[in-house]
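Two complexes follow with chain A in common, the first pairing it with chain B and the second with chain C.
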Partner chain A sequence: MAELCIQCGAELNAPPALCHSCGAIQPFRAELSLFEVVGLPESYDLDLQALRNQVLQLQKSLHPDRFAQADATTRRSSLEWSTRLNEALAVLRDPLKRADYLLQRQGIDALGEQVKVADPSLLMTQMMYRERLEDLLAARDQNGLDQLRGEVEEASSKAVNKLHILLKKLPCEQVDEAGSVLRELQFLDKLLGEIESGEESLQNL
Partner chain B sequence: MAYSKKVIDHYENPRNVGAMDKNDSGVGTGMVGAPACGDVMRLQIKVNEQGIIEDAKFKTYGCGSAIASSSLVTEWVKGKTLDEAMTIKNSHIAEELELPPVKIHCSVLAEDAIKAAVADYRSKQGAGQASQTEVAAAQVAH
Partner chain C sequence: MALMQIAEPGMTADPHQRRLAIGIDLGTTHSLVASVMSALPTVMRNHDGQYLLPSVVRYCEDGKVLVGYPAQAAAGQDPHNTIASVKRLMGRGHEDVQLLAGHLPYDLVPAEGMIRLRTRAGEKSPVEVSAEILKVLKELAVETLGSEPEGAVITVPAYFDEAQRQATKDAARLAGLNVLRLLAEPTAAAVAYGLDKKSEGLFAIYDLGGGTFDISILRLQAGVFEVLATAGDTALGGDDMDHVIAEWLMAESGIHLDDPLWRRQVLQQARQAKEALTEQEQVELTLDPGQGAPRVIQLTRTQLETLIQPVLQRTLPACRRALRDAGLKVADVDGVVLVGGATRVPALRRLVAEFFQQPVLTDIDPDQVVALGAAIQADALVGNQREDLLLMDVLPLSLGLETMGGLVEKIIPRNTPIPAAKAQEFTTFKDGQTAMSIHVLQGERDLVQDCRSLARFSLRGIPPMVAGAARIRVTFQVDADGLLTVSAEETSTGVRSEVLVKPSFGLNDEEIARMLQDSFAHGAEDIAHRRLSEARVEGERVREALQGALSTDAALLQADEKAQLDAASQHLEQCLTGSDADAISKAVEAVEAAAEALVQRRMDSALRRAIAGRSIDELGE
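So, the complex of A and B:
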């Protein structure tokens, strides 16, 4: 059953925050997925340009600044939609967070605090990367750091490619494998952060 | 969040940082990781013929609490038997270091690391005994 506009009664199209007939802002619906909020199909293979355009356009019409004079209910709806749109953009544009979100929608918490990694080869690789980074920083070896960053970025994009394959069909059937690739990507992401802050500290010396 | 004095002490003066030869049959290596914070921890023990942990080393890339937890464990296990080392619980670590609830998982990681190191040592010894038995069996056959 389609939802109807609270103001003009027209059937609401996706994305459902605004009525496409009369432009009225609709009551916030917390049960909608981030994909539904931005009006894009639920998929890992997301068109990032379309995502940005959608969010930008919706924010223009929904932003709380536009409703400063409106009644309290409308102001609140605007704030709730707008906050949720920011969240959708932050989660969906990031390959790591997007994959995590899709798995969480299936009830799988691959990156939870309780989750630990015992895969020896993954840990060994991470340990080696970390030791290399430490040595390069101590030696202030900028070329070496660039090379390390390149390798880590390549490993990250390989992991993202694997996620594209594993999450092509939803719901994902190989959740264990998707979870372990996601954890690898999380380690690589943190490592890239460490490389960047290390490079910054070298430049500030 | 403020770190306790004990955490800061271990963080600033970590005990037993380093590496041992993981191929040495007297060395047990435990590696664990927590994806949530990107931490990686390696804890190694050197066990003598009497089954006592003579030395311990660690290397942890992570937050202050993770470093302090592993540093503390290397101090604790020295001089202990393997069975005694296996009784170390994350709650002891967390209590000693006064870790806040959000950092309890760091102490869990350190407990897992020592358990993994003991298990690695034992599996090496088990494998060694098996091969000796095989040698003995082969000699009997001849």
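So, the complex of A and C:
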């Protein structure tokens, strides 16, 4: 059943935060997915530029600055929609968070603390990368760091490609494999952060 | 006015139709006002042609209030009644300014809420003092525009918290201004350039004032200005350049006088030399110590640049940090905007251009750019321009909660766009725990003692469960004004507690920047400390669990097993008094190994008793 505008009674189109007929802000609906909030189809393959434009366009009409003089209920709705839009942009534009979110929508918590999957090859890779990073930082080897960063970035984009294949059809059928690629990507992202902060501390010395 | 104004058709609206609005840069050292006049944002000048009004207010004996240069001139002879840098006191309580108090010559009065200053005109709040500055700017605007402006946009530092923003707004109201909006200074600077050039893209706003440095990364797209990241160093500014030049001058002169007046005189000359050398290649300075012959010293621009190079270099770490926080590379930046008088120094412009690998934008006067941006926004807000801007802000410092061992768990990281919300689950530490104290903090460091405490509240009525079984969900909601609400709920029973706190209330920008710097300077130290704290928490948990088990089931152990376990346990207790994280972790492992037999037998016996029809709950009795 279609939702109706609280002000003019018109049928609401996607995205449903604002009435397309009278422009009224609608009460916040926590049950909507991040995709529904921004009005884009649920998919791993996302046009990031379109996502940004859509979120910014919606923020222009929904941001609390637009309702500074409005009544408390309207201000509350605006705050909730605007918060959710910020969250949607942060989650959906990130390849790791977006994949995690899609799996969570299927009830799979691939990055949760309960998941302690022993993946010996990933563990081994992690140890090797970490040792290399430590050695390079100790030796202040900027070229070596650049090379390591290149390798990690490449591995990371390979992992994202795998996720594109695994999550092409939703709901995902190979959840175990997707989960293990997700954990690999999480590690690579973290490592990239460590390389960057290491480089930063070398530059700042 | 004798001359008639001639305007292109359409360029100037009819004076009766055009609505008047002003932008005000209310600065720590200088303030100024601008407006969009004849389609161009322009700063307003007084009768002497000056547009910079020193942010100094003097309460005179005859009851008059002087603002600007005349007040500044009297600062030395009448310090208690001449208030400078009042911006640092805005929205601050008595405790907050204790750190500043030693550096300020004012007579501070402890009062409910915001601090007050004792002057011969009575006790004045920083809001009232700021209002005096704003009144002068408003008069200038009325005189220039020919009538009252409908509204004003006033700029505040990106780091200003809600209390400071509120105080600024109050000062404007007191001065009879209708505040359309408060605007972050870097955003105002970006607006001045972005709209001027009708460009879209990423801007770096490099703002070096007298005593503070700020770098912000902003994105302008489809009329939305997003602050992506801000970083800075508030113990760094143009004054630092003056100091290194003064040190050099004193060394060069060979005069060693430990006289504050002499030092101030040299410092003054250092500043003038720095300013002169932005245009000239060489200056000649005459240092007169009062006794003996004056010394004449030559200073070339090249020498000056060598002297100030270390100061300039100190701005780069914050630039790297801001870029990294924004997830950007130098090549992504489309424009670099310079703000603040200190950015006139040619060597600085070269360094910034080199760092960002592009020419810096200097066509707008760095002293004016913030006020001009505010004027443009004010003009848009009163309806003169249809283009609607949306300015999106970020959280300046991370929000977190205290966890076991005096550690802070970050819930919302700094530079998250606001409004924002985040929920996190925690659990109980001890068996039967029925209450949980929630301590909300702001800052980047890992330890509670190094962050700013924002609020404490308790969640009571948690049903007694074994340690780790309760699920406590803590939700942070930060609204667009930066106001924070924290609520906590035990999810299996629905027990709730809620508190409204103001983030960064009572934090001044120096503190914010210092806390940010410290987190980077002490990163390694924090990691070591965190490891130790975590090891201690784990050690205590194991020790308590073992004592609990032994008090009921010691009989399950053989004498030699018991002795072994006791030895391991004693060793653990000993390690817990020390500060070696590895030793504690090893001792924990040893206890766990020695307790293996006990754990096994307790489980067996529990199972047997359960099978015999007794509930697990009774086992502990």
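Assume the second predicted complex is superposed on the first by the 204 of 205 C-alpha atoms of A that agree within 3 Å, B and C clash if a C-alpha of one lies under 4 Å from a C-alpha of the other, contacts with A are read in each partner's own complex, and residues count from 1 in each chain.
Note that in this section contacts are C-beta pairs under 8 Å (C-beta built on N, C-alpha and C of every residue); 3 or more make two chains touch, one makes a residue touch a chain.
Quantities reported herein were computed from a predicted structural model and do not represent experimental measurements.
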Clash or fit, chain B versus chain C on superposed chain A: clash
Partner chain(s) touched by A:R183 [first = chain B, second = chain C, both, neither]: first
Contacts of A:C8 with chain B and chain C, given as first, second, both or neither: neither
Contacts of A:G112 with chain B and chain C, given as first, second, both or neither: first
Partner chain in contact with A:Q59 - chain B first, chain C second, else both or neither: second
Partner chain in contact with A:L79 - chain B first, chain C second, else both or neither: second
Residues of chain C touching chain A in the complex: 221-224, 226, 316-317, 320-321, 324, 388, 390-392, 416-421, 477, 479-481, 520, 523
Chain A residues touching chain C - in the complex, by the definition given at the top: 52-53, 56-57, 59-60, 63-65, 79, 82-83, 86-87, 89-90, 196-197, 200-201, 203-204
Contact footprint of chain A on chain B as seen in their complex: 31-38, 40, 42, 59, 61, 105, 108-109, 112, 116
Contact footprint of chain B on chain A as seen in their complex: 110-118, 120, 122-124, 126-127, 130-131, 182-183, 186-187, 189-191, 193-194
